[in-house]
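In what follows, subunit A forms one complex with subunit B and a second complex with subunit C.
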Partner chain A sequence: MVCGYADLMGGSITIAFDVMGSDHGPMEVVRGAAHLSLEAPHIHALLVGRRGAIDEALAQVRHNGERISVHHAPDFVEMGEKPMEGLSAKPMSSIAVAARLVAEGEADALVAPGNTGAAILAAAQSFKLIPGVRRAALAAVYPTRARHGTKLDPFSLILDVGATLEATPEDLVTFAVMGSTYARIISRNPKPSVALLSNGTEPNKGPANVVEAHRRLNGMKELQFIGNVEGVGIPLGSADVVVCDGFVGNVCLKMLEGVHETVVELARYAYRSKLTWRVGLAMLSSGIRQVQAVTDWQQYGGAPVLGFDRVLIKAHGRSRARAIANAGKVAAKAVAADLPRAIAEGLRS
Partner chain B sequence: MVCGYADLMGGSITIAFDVMGSDHGPMEVVRGAAHLSLEAPHIHALLVGRRGAIDEALAQVRHNGERISVHHAPDFVEMGEKPMEGLSAKPMSSIAVAARLVAEGEADALVAPGNTGAAILAAAQSFKLIPGVRRAALAAVYPTRARHGTKLDPFSLILDVGATLEATPEDLVTFAVMGSTYARIISRNPKPSVALLSNGTEPNKGPANVVEAHRRLNGMKELQFIGNVEGVGIPLGSADVVVCDGFVGNVCLKMLEGVHETVVELARYAYRSKLTWRVGLAMLSSGIRQVQAVTDWQQYGGAPVLGFDRVLIKAHGRSRARAIANAGKVAAKAVAADLPRAIAEGLRS
Partner chain C sequence: MLPDRIDPKPPKHIYRWDLDKTYLQSEFDTFRQLMRSAFQRASDKVAVPGAAALIRELRARGDSKLFILSGSPKQMRGVLEAKLRLDGVEWDELVLKDNVRNLLRGRFRALRGQLGYKLVALLESRARTPLQSDEILFGDDAEADAFIYSLYADLIAGRVGQDALRKIVGAAELYKDETERLFQALRNTSRADPVRRIFIHLDRLTPPASFSNFGPRVVPIFNYFQAALVLLADGVLTAPQVLRVAAEMVQTAGYNLLMLSNSFQDLLRRGLPLDKVASSLTEALDTPESLLSALRPVPDIVSAFSKRLAALGTPPSPPPAVAIDYLALLEHARPRSSRHVDPLAE
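Here is the complex of A and B:
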């Protein structure tokens, strides 16, 4: 495990937060770190961004100053900016500086709520890929109908959701190992079931890369490979880990978001339009919340970027303080269990 | 336009129905045709399958015998059978016989509620591809939040959803033209908006085939091409026609089915478990129906197979009589407007 500020802090885990570039500006990220400083004594937050903005935000929120440090970065890559261009033009952007601090051991992990492409690219520039990994994957946790693991979590993991648009059979196998390792460590699910997303459950269904990945995964006894799942299995939660290329995964994840928006919109409409509907909605509120939970992947916004030798959690750009704090806790858990080493071991076996 | 029985029937349109192989057996298909014989004087139904089973079903249901004929086919391809093997082993299967009857002009169009792969393969064996079409596409109508066309239909069309797993840029362009033509003719939408499904709205987003298709579609002024949509745009109905390869389309369509099952299941659970929930549900019932309509693509189960010189409507295997009758009406509408010729013209321009 890498140590840096962590050593100074007496064994705590240091998480670097890219404070800039999220949808809500620095305040929500700083508030998230402030929460952590009060409730998570094992975590030290290293806030990376414009010192003036960070200090101003910190002054407004209760926090434990001993568990928060600030590292100044004058620039940042904006949400709509092209990742490659943004990073080239701004070598001192907060995401680039934060990734370098983690690579140099000044922090143990990185939480990034800003531009997704820039976060992955900054990681690719500063971190190393784990031996055996050709391409990193962005994995998303999303809520399902079925419950998973010993904690009966109503979540599954889907990867890749956008880092690697076209995946080789080797990539898909790597994603399966990485996703399974993450679910085992973070969701405390000792034997996560892993499935390939395809257009049919038979082993010969799907494009050539999926069929070949199926054949290889079948031979890997250390994985709980349950074969193919179809699209219907995604919201149902038929597998703990769903493996696909980044193009398909991205479309699926955003579709869940669209369905959620539709459900929320209809609920709002029902609330506004009729008294009987409003009463009905109140009576049904816990049922509605269940539907929303199943469709709202965003509330659990922390998406791990898997495949690098350092831990990177991509928080959703719309994350509020609570989601940021949760992302910090997940990052600390991944560091404590040495996720990158566990993935490397999984790939060797 | 092809004529056959139609000539004998004084200008009516003859639709061949593959009566066998659907989930509910011959009865529902026969009942659907019986409805049509009573309410749609312009349609003649040619029922293809085991004469004994069909006659038995007809005897149980009110119908107009002048608008129904029967063509005996001794075999059928079952739902779970492999299409290629099933068709090779059973040259006299109902789907193969029905496709040949349409190709020979004995009927004007084919409605097939059985094995999807077998229906497309039987069409490929008996029909011709329209000049300029390399691969046929299966298109699905699904309900959306937005409303479309002059009739303000709450439906969009997505294609391909499983006929062509890996699509070239040419295929995607062909799908765009075919889908647009179908929406124009069947949904009475004079200028349907057409979008490519991708992982971002920018023209350079997506795998190479999507980026190249985007470039070509941009140059086609006769199409209302609105660029890329992301997954979120599918349930929202951001475009009248969504174009993608068959693998992605199949996963998306089945995901909508999974979300629907989840919503229905939660509603059932709410209904069973608490009196306040039950009352709330009753009060909200029209709101719930709206959510269900948005997620239940099955109730509008007729999926056109586009690209052949003959009209083929794939009805869902779970179709009840009403859905079968609707599929027959859609097929007749496509024949009356000469959909294959309209597609050929669209591809030439």
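Here is the complex of A and C:
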């Protein structure tokens, strides 16, 4: 029996993890990759970062050494560093090395929990933009009241949330196609509804780029464009995919996070303040836990950076091992479905 | 004039293997699994990928003996022997545990405990072994193999004395007759330092670093390709033999180039001196052996292994030799369910 190269690789998918630079240091990323090596036989983890730190972390966790390899990178871009300066000063930083390894085909996708700007810039330096994409977009999932797709996910997708501060009408149309493709493949939503974020539902509401994008999207029959949604439509889940420029998207995302933290803080305040409120919260606790479980962002893993010819998942800087493992699974799913090619086809049609 | 008889050449190597979870993929963590395993036919039993190939290659030179020591009950001898024969494995001794006797005598600690049983069996076998034979031992992380094998090696080498052993068996709560038999076996064994390697198959994927207190002689392995690589570096196997083990794993167990090259790098990261191994394998891959055709195309394999080596930058230094504190490590010799579980390891 003679095996070819593809047989020897056994249909495996290799995910490169930038191990350094996350809020919790290398340990959580390594733990996440270790979980993945136990749970997902078809996924191999390529851990990029300081070898000593990685091996020290690996020594403490159960893992399958057959599905993990390490690539030493001596530097890393810290969370607070300016991306351009950090990458210029540290060409052997873990994120730069990891992006190069993906570009060279040593891995199929990149999961990066560190500095967001550095991750996108490193990808821009090593990956190519998909034909028809002028700028990449960072997409984020957020919990909604409505359920979406065949899996009835309590999440919607919003993009861009920070990769591109200002977007032209062409960019917004591209983001709509990319977001729709992602929701179709990853959330198994065969016909995701797409909306533009604006200050009114009427087609002529909003800045000029949004009005023009609305006009163009209206003419695209292959997309299920439902028009504009206002801010209130985001948590309600009025659309499966909400499109905006990076400045607006980032403000919205941070506000949603702030509201979530405020609600949690209010509940803590109530718990401390009155015995009757404490009893009430205790009675609701199992329901609260269920709500927490279905809206837990760690389940979703990370935010895809769409528009490159390689898959990049930006994991949250605060990601714990479970979120990292889930980010790896999302990345593998995107690779298996050849997400970049699907986006390219969507843009051509 | 010819002598009256010609004694066979003494074996150069003694290979000692455990069976369950070392040679066989056995599941008996629950009562149901235990029952299923007990009534399995030989043809239903599955060997750990590469184990049979490795044994065949180790035995190929004809200068070795294979001693199998298992915690399986004696009643399973027939089916276990049939399985070994099916796999083409030739053995010299197969020692099984007399658990019916333990049960009838109400010795419940001995039912699950392995220290008294295996240490005695190893020492009694050593007493029958030529002094010059070296030993390579194979066990797993499910029971107490790393502890027992290391203690055995240090006892026959004289590094652990009788007083220390008395404290260990006392703390391990061995039965009196087990203790007496153990000391008798030790007295019958000549002092030598034959144990070269102790391989621990990570059936439960215990982190390899958990075994660092046993020193560099103990090598935890995720698969038998890793054992073969170390034995190549140690001069016990040749590169074509290692490739034959890999070929069996690729052909019969779905191993691929990524898994093999990752396994290679895993050992490098643990400081095992395998830097010369890659070039030996490359040379062997150039030989026109039909069995190795499973491992074509050669340039991809060479490239995968070279990249894993280069990816590490400066290779780490080998792990240091350590004095083993057996009393402190006694936890490793207890039956699994009564051990402390490190939450970080889960």
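Rule of thumb we're sticking to: the second predicted complex is superposed on the first by the 324 of 349 C-alpha atoms of A that agree within 3 Å, B and C clash if a C-alpha of one lies under 4 Å from a C-alpha of the other, contacts with A are read in each partner's own complex, and residues count from 1 in each chain.
One rule holds for everything that comes next: a residue touches a chain if its C-beta (ideal position, glycine included) is under 8 Å from a C-beta of that chain, and two chains touch if they have at least 3 such contacts.
Quick caveat: nothing in here was measured; it's all calculated off a predicted structure.
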Contacts of A:L236 with subunit B and subunit C, given as first, second, both or neither: first
Partner chain(s) touched by A:T14 [first = subunit B, second = subunit C, both, neither]: second
Which superposed partner A:M255 touches (first subunit B, second subunit C, both, neither): first
Of subunit B and subunit C, the chain that contacts the larger number of subunit A residues: B
Partner chain(s) touched by A:R216 [first = subunit B, second = subunit C, both, neither]: neither
Touched partner set for A:H24, first subunit B, second subunit C, both or neither: neither
First (subunit B), second (subunit C), both or neither touched by A:G206: first
Partner chain in contact with A:Q60 - subunit B first, subunit C second, else both or neither: second
On subunit A, the residue positions that both subunit B and subunit C contact, one per complex: none
Of all residues in subunit B, those that touch subunit A in their complex: 145, 162, 165-166, 197-199, 206-207, 230-236, 244, 246-248, 250-259, 261-263, 265-267, 269-270, 276-277, 279-284, 286-287, 290-291, 294-295
Interface residues, subunit A side, partner subunit C - complex: 1-5, 7-10, 12, 14, 38, 44, 51, 55, 58-72, 74, 106
Footprint of subunit A on subunit C - complex, ascending: 202, 204-209, 212, 222-223, 250-251, 254-259, 261-263, 265-266, 269, 293-297, 300-301, 307-308, 311-313, 316, 344-346
